[in-house]
Structure formats: structure tokens, C-alpha cells
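To start, the structure under review is shown below, and the notes come after it.
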Amino acid sequence: MINQKDKEILLEVKDMVKYFPIRAGVFKRVVAHVKAVDGVNFNVFKGETFGLVGESGCGKTTAGMTLMRLYDATAGKASFKGHGDLLQLKGTALRNMRKDIQMIFQDPYSSLNPRMRVKNIIAEGMLTHNLAKGSEVNDKVADLMQKVGLSTDHMYRFPHEFSGGQRQRIGIARALAVNPDMIVCDEAVSALDVSIQAQVINLLNDIQEEFGLTYIFIAHDLAVVKHISDRIAVMYLGKIVEMTDKHSLFDNPLHPYTKALISAIPIPDPTYDKKRVILEGDVPSPINPPSGCRFHTRCPIAQDICSKEDPVFEEKKDGHFVACHFVE
Amino acid sequence: MNKDKRPLLEVKDLTTYFHTEDGLVKAVDGISYEVFPGETLGIVGESGCGKSVNALSIMRLLESNADVGGSISFEGQSLPELSERKMRGIRGNDIAMIFQEPMTALNPVFTVGNQIEEAIILHQNKSQDEAHKMAIDMLRKVGIPEPTKRVDEYPHELSGGMRQRAMIAMALSCNPRVLIADEPTTALDVTIQAQILELMKSLQDEYGMSIIMITHDLGVIAEVADRVVVMYAGKVVEYADAVTLFKNPKHPYTWGLLNAIPRLDIEQDTLYNIPGVVPDPLHFPEGCKFNTRCTFCEERCKKEEPELIEVEKNHYARCFFIEKVEKEKAKTKAGENL
Amino acid sequence: MSVKKTEFKRMIRRYFKIPTNVLGTLLLIIFIIIAILAPVICPPKAGADPFKIPIATWSAAPVAPTADHPFGIIGGRDIFYGVIWGTRSAFKIGLVVSLISALIGVVVGSISSYFGGWVDEIMMRITDIFMSIPFLVAAMIMTTILGKGLDKVMVALIIFGWMRVARLIRGNILQAKSEQYVLAAKALGIPDWKIIVKHILPNTIFPVLVQVSMRIGSLVITAAALSFLGVGAEPGYADWGTILSYSRNWMTELDKSWFAILYPGTAMVLFVLAWNLVGDGLRDTFDPKMK
């Protein structure tokens, strides 16, 4: 995490949409869509950590996968420095882009091929993109393993011989092996124990400066996101409801959902006095999101207009964006 | 603390060993604690520390390869010595349990109503109709909207939060004295978690029951627990009331955990790093089980296992060198953190 | 790589820990030895096709076991010879049919799940059609069309035997496709074909191997059934089923023909048992959850 933000924009996402078709009937006709990501706009600056946070069904993981082109976007544009519109790339151009944006996955137990040795897991990307040859490969792999805190003695072991935290480190080394500019961390620490989470979070912070990385950090744990991010975007049912730097978000949240989210998180201090905003009801289905502002069904300050008009996502203060009709 | 009241549930030197083909696994290795009427006892620890196995041991829900030793006493009765029939009369009736994954804890082929009624009919000798009415009441009480409709629905038709509420309804339907909640909100979204914790607190006030809250989330513990047991590698490493534990932890593991979690309320530069990993239960280290990861470890720790001693009034810790933790705390207090 | 060797050694140790695996493997080894030593145990007449059981007597009635013919004679043929050389036939049928049909199944299943969409639909419907035809009936029709002979039996068994493998591998591949390590490989820019070969197949092929070994036994029984019904191998062929088919005429007089059923029957039962035990053992050994 660096304090002085390089205002250079690395990624510019405009109106990105991802719908999943639901098919039914004998001829598998499309009867509805899961509107997982429904028009998101954000920029990621070089060298920063951009946190994307929300609860289940908000679309944050889908957004990450769409940017990685593991899903194909339904609409929208994502300009990545030097590659043009990410979402439209094909063939060789797409393959080349893959060197520059990598991903760290959530499940340490399914993100590594159980039948491949660690060395080959880490080296595979390097070899595919011809970044190293012959004996260089071993040296580079050893170097990466050391950087992520693994012993090079274990180079020829299989994933099942490692703990969850170590497997995540292998995943990090795998991503680093192709020298990416940006890494999307998709719930990278969510499946780890608390004490191991801390280790991996510290590691991600340490290597960021050394490797000049930009992170998109996707998570549902607001405290973790707050710790590691520079700027944060809060998502709800496929849209971004608030986006700003982390201090402003926690000192002065503007959107009622952000306020509820922050107050819902239990603080490890029994004497902490907190005004709780408890939201009623469940998260609506992304197949049939509520009309107007999607949050109006659970919003403590909802008015008539909220069920009719979708609020515009716009900059209310310097760098602080909100989508709400009633921002003070 | 409630030293004058008699404890409702008393666990003394509980051990649960599993005989596996790879050797003996000491999942719980001599833990003791008490639960008083109307209070919430939090049991906190990371995965593999034995907190869930401990709950299953109390409920006698483990399989035959488990060796449960020690004493578990509920309202004066020794639970391990009861006949299976008598134990069944206690399960779901006097001591109830809710689990982490509501989808797997609820039977998918029975309606929610059916499952609640089952417990009522079994323990309270009511007719099907009466039980059905009571089930609807319970669903309403746990905050499920349209309970008359929901009572006939199947678990998969409800959302995660609803299912957890249904499970709470099932557990509370017979007005238990103790509710054991094993990671009840871990699988839920944070805003739903807040709802469920509020619900549990208000139901506790209404029913006057005790809750054993088992979780790895220190935030949840701080929210709901009156007293806390910290477990590591099958043992209790610290035991105190909640405020004391959070403000004045004595054991290096507790102190380490509190510093390792990212906090919303405090600025942190780097998270404290507890080095190493939880030891393999088949190969616990000699001496103090935490010695492989403890920054304050000395020679003595590698040979001798410390006892759980009362370091201040009603505050117990299992460590030879708690003064080192004190020194460290003083240092950081002088700095920027806790 | 010493790590690979120790991994392998561990699997072997785990395999032989279970007594039924040891039994199955031993039985198999005995059968293999018999098959290899067939020419030594029962030397064929010079110039004759070793797979034709030599005629021992011209009388039609079965002859009980004697010193010269330890398993007796039926239909004029020496049962002992038939059982010994029948071991070779059993291995031939079992291995050839199961391996080739497995190969077809793997190709069909892989293509189907890799391309998805219409290709998948069509291929799976074709598979369904083949599966809906009763196996024995289909095999009988095929041999009627193609004629008698063990090789024709094998062709019939192959044509109607690949579907299960296709379905199995397709299911495994579809599941593997959504594993995070496959997504990771895609994210690294690894081409699709390489993903299938390096990541998906190695993780999905083992259940197929297990199924293959378990099928070998049942294939031999099916081939024997066909021979028993008279639509299998040519008469006098050294094959357990053919021997049994001779006993068809004497089924009402079991006291006279018990040996014609007992010896080839026992051989078949033990053969199937051996493959089943080995297949079970392989499945347990390859189960990653047993780490």
C-alpha cells in the first residue's frame, strides 16, 4: 500500500454489464437473466489497492471474473493501459493481456492442480509466455518461492502437502511469475484462519511495492478491505452504491447501505459503543431486482422517488461518488 | 461474576480422543468451564482447536470411535452417564444446538414446520395441531415474515438468513435452558449476521436461557459473550470475562489473535503475524502446544506444559511467561497501536 | 524425482494393506501365469490351431473326470484344455474390448464436454440411444449379422460398450472445468487444448481406469453368455462360455454333466472376482480423500 497515489489511471471501467441467461424448456430458450453486474463505473490508479466490497450476490466476484475475461461481458468497456478495451480482446491480443492482469483465487484447496508439482504450477505461466527458458526457470521459481515465504526445498512437492496459507502463497507466486501489472485478489484470504489471514495480507502488502503491483481486492470482510485498500467501492445487487478513499468511507459514509454495512460489523471490543443500523429483510434476487433504487426495499430512509427512479452514480465531493437521492 | 449462583452446565477435564488409523487424535485434551443461568459463554479459537468437538461431546453426538472422558454435569446430572433414552430427552429439550450450515442441518425433504413440530411433539407431548400452531408462533417470534405460509415450505425455498432463523425456531421450540450455537453466523452475510445476533440476544432476554457461542470471530464474541474461553490445540489457554479478555489479554495466543485481526475501529500499520501454523493433531509438540508459534517461547516451554492458573481474580491463563506479554503490551501502548 | 517414487510407494503400500486387494491381485497373477503357460500345460497338437479344443472322444455323452482328462469331457472335447486356453481368451476379450471401448468413450466424452452446446447435445443423445438398446439383444443381433467367432463377439461388445465411459468422463470433465485451478490456467493464458490434456484429463482419468478394470470381468461373462446361447465363439473354441454351451444339452442330467459346469464356471467366477477386487482396490487407492 503506498500513500502517494500515482494519479495515472491503469484501468478505466465504463458501464460494465454481465448478465447470465436462465434457460428453460425443451429448446433451452432464455427466459430471464441473472443481472449479476448491472452497469459499474470505476477507475483504478497505478500502484493503488482498489477494494471492491459487498455481500453475497452483489456481483463483486463476477465483476472480477469479467475483467479477467473468464466470463465474457454482456456490455461495457474496460480500458487497460496499453491494451485498449479489455472486454473486446481476442486471440493473440487476449493472450498477451493475460500476462499483465493476473488473479488470486479464493479456495486454496481447489485453486491448485492436485496432480502438479509446485514448481510446475508456478512455472507454467512463465513457459507459456516464453518469459524464461531452460535452467532460468528453476532459478526464477526458487526466487519467487522465497519472496512469498516458501522454502525452496519444497519445490517438487504436491499441493496436498501444504497448508491452506501456504497454498495461497503458491497461488501468489504463480500470479507473480508472469510479471503482471495488476492482480485481482478474489476473496484471497476469506478461506483462511485469522492468524494465517494476517500473514497473507502482510505478504500482499510487502510485495506490492517491490513488484510495482496494482491490486483490485475483492472481499466481503470490510475490516480486511479497509486495512489493505486505498480506495473502496461498495457494491449492492450489481451496482456500485458508493466509492471513495477509505478514510472518507469510514469517517463519513454517505449511502445508507454503507452505513448499515459498517455498523453491522462486530467490533472486537465489548466496550465499544455503537449505534446499530439493522437492515430488515433479505437481499433481493438479482434475477428480479427492485425497481428504481435497488436498495429501497431495505433502506431506512426510502421515499417514493426511490422506488421509481434509479439514482445516478455521481461525484458528490472530491473523489467521493454515491448513488442515492438523499445524500446529506 | 456469578460465583454465588450455581452453574447450569459444568464441564470438568473434558477429553475427546479419536482413534484413527493414523493414530490417536486428542481433539479435546482436558478442558474445564462453567455456564451460568442467563449468561452467554463464548468459546473462541481457530479451526482444529476442538471447540466444535467439545460441543458435540456435550450433546453426545459423536460416533463410536470417539472416546469421551471427564465430567459434564447439567443441572447436577452427569450427562455421559445417562442412558441414551434419557439423553434424548435432554437433547432438543433442555439443551439445544444450532449449527453453521443451515442447509445441511435442516432435512431437505421435510417442511420447516414439520421439523419444528417434530421436536415439540417429541418433548412436549402435544398433538399435531397444537404443535403446528406452536411452530407458526415460533417462526413469527424469530422474525420470519408470513409464518403461516413459510411453515409449509421446504428449506431450499428459504434464504440463508431465514433458514438460520428456522433452525433457531427449532432449537427454541421447547424452551431449552442452554442453547449451543456452533458458528451460527459464519456462513451468513454481515448484515444478516447482525440481524441474527440481535435476535439471539432478544430471545435470550425473553427466555432467560444460557448461550454457548462457538466461533472463530472475535468480533462476534465481543458482541454477545459475557465470559470467554479461548481454545488452542484442544486446550483452554485463557478464560476470563469478555471485557477483561479484550482489554487485558494474558496469553500470547490471545494477545496475538487480537493484534492479527484487521479492525474497523483502530488504525493499523501491519497486522501482527503469528508465525507458523496450527500443529497437526497427530503430532502435537512437547511441552506447551503453542510453543512452535510463540514469540515469547523459552526452553521451559518446549519441555513442560503449563497449567491453567488463576492470574487475577476470575482470569485464568495457561502460560509460564505472561509477564512477557505484559511488557509487549506496554511497549505497543507507548507506540501507536492497542 | 524421489518425491514421485515415495508417492508411488505410499500408494502401493496403501493398496496392499487391504486383504481383499491382495487376494484379488494374487488371483489375477495366477490367471496370468496360467495364460502364459498354457502351451506348456496343454500343448496343442502340432500344426493345429491352439484355440480349438482337441476332440478327445467321438461319443456324444459327457465323460466324468479321469486321470487323462482331469476335468472330464463334454461334447467330445477336453474340458481341462478348454479351461486352460480359455484363460487366454478371457484376457483377450477382457483387455481388448474394455481398452478399445474405453478409448472410444474417452474421445466421445471429451469432445462432447469440451465443445458443449449443440455438439454436446447431439453426442449425448446418440449415447442415450445406444444405451437404451438392451445389451445382450444388441450383441446377439450383431453376431447374427457378422457371424460367429470370438473376434466378431468382441466387435459387438465394443460397439455397445463405450457409452458408460463416455458419460463418466464427460461428467468428470464438466466438473473439472469449474475447478479454480482450471480457471487459473485459463487466466494464465494457457490454450484450451493444453488445459484439457495437462489439467483436466489427469484429474479425471482415474475413475475411468477403475471402471475399465471392473468391466473386464463382466465382459467375460457377457461373452460367455453369448457363447452359451450359441451366438458367440465357434463351437469347439477354447473359451469358457463355449464349454458351458455344450452342457446346455445336458442340463437335465446334472449328475452326468456337473463337471462341465463346475470347472469353467469356477474359472469365470474367480476371474470376475479377481478383477472386481482389483478394481475396488484401485478406486480406493486413487481416492484423493484418503490422503
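Letters A, B and C name the chains as they come in the text, with residue numbers starting at 1 for each one.
Going forward, a residue touches a chain if its C-beta (ideal position, glycine included) is under 8 Å from a C-beta of that chain, and two chains touch if they have at least 3 such contacts.
Keep in mind that this is a model prediction, so the values were computed, not measured.
Farthest chain from subunit C (centres taken as the mean of C-alpha atoms): B. Here A-B and A-C were compared by C-beta pairs in contact; the pair with more is A-B. Rounded to a whole number, the gap between the C-alpha centres of subunit A and subunit C is 51 angstrom.
With each centre defined as the average position of its C-alpha atoms, the distance from subunit A to subunit B rounds to 32 Å.
Under the contact definition stated at the top, not a single residue of subunit B touches 2 or more other chains. Residues of subunit A that touch subunit C in their complex: 65, 68, 70, 94-96, 98-99, 102-103, 105-107, 110-117, 124-125, 128-129, 156-158, 160, 171, 174, 178.
Subunit C contributes residues 1, 3, 7, 179-181, 183-191, 198-199, 202-203, 288, 291 to its touches with subunit A in the complex.
For subunit B in complex with subunit A, the touching residues are 46-47, 145, 159, 161-162, 189-195, 197-198, 216-223, 225, 242-243, 246-247, 256-258, 260-265, 268, 270-275, 277-278, 293. Chain contact summary for the complex, subunit A toward subunit B: residues 55-56, 163, 165-166, 193-199, 201-202, 205, 220-224, 226-228, 250, 260-272, 276, 278-279, 281-283.
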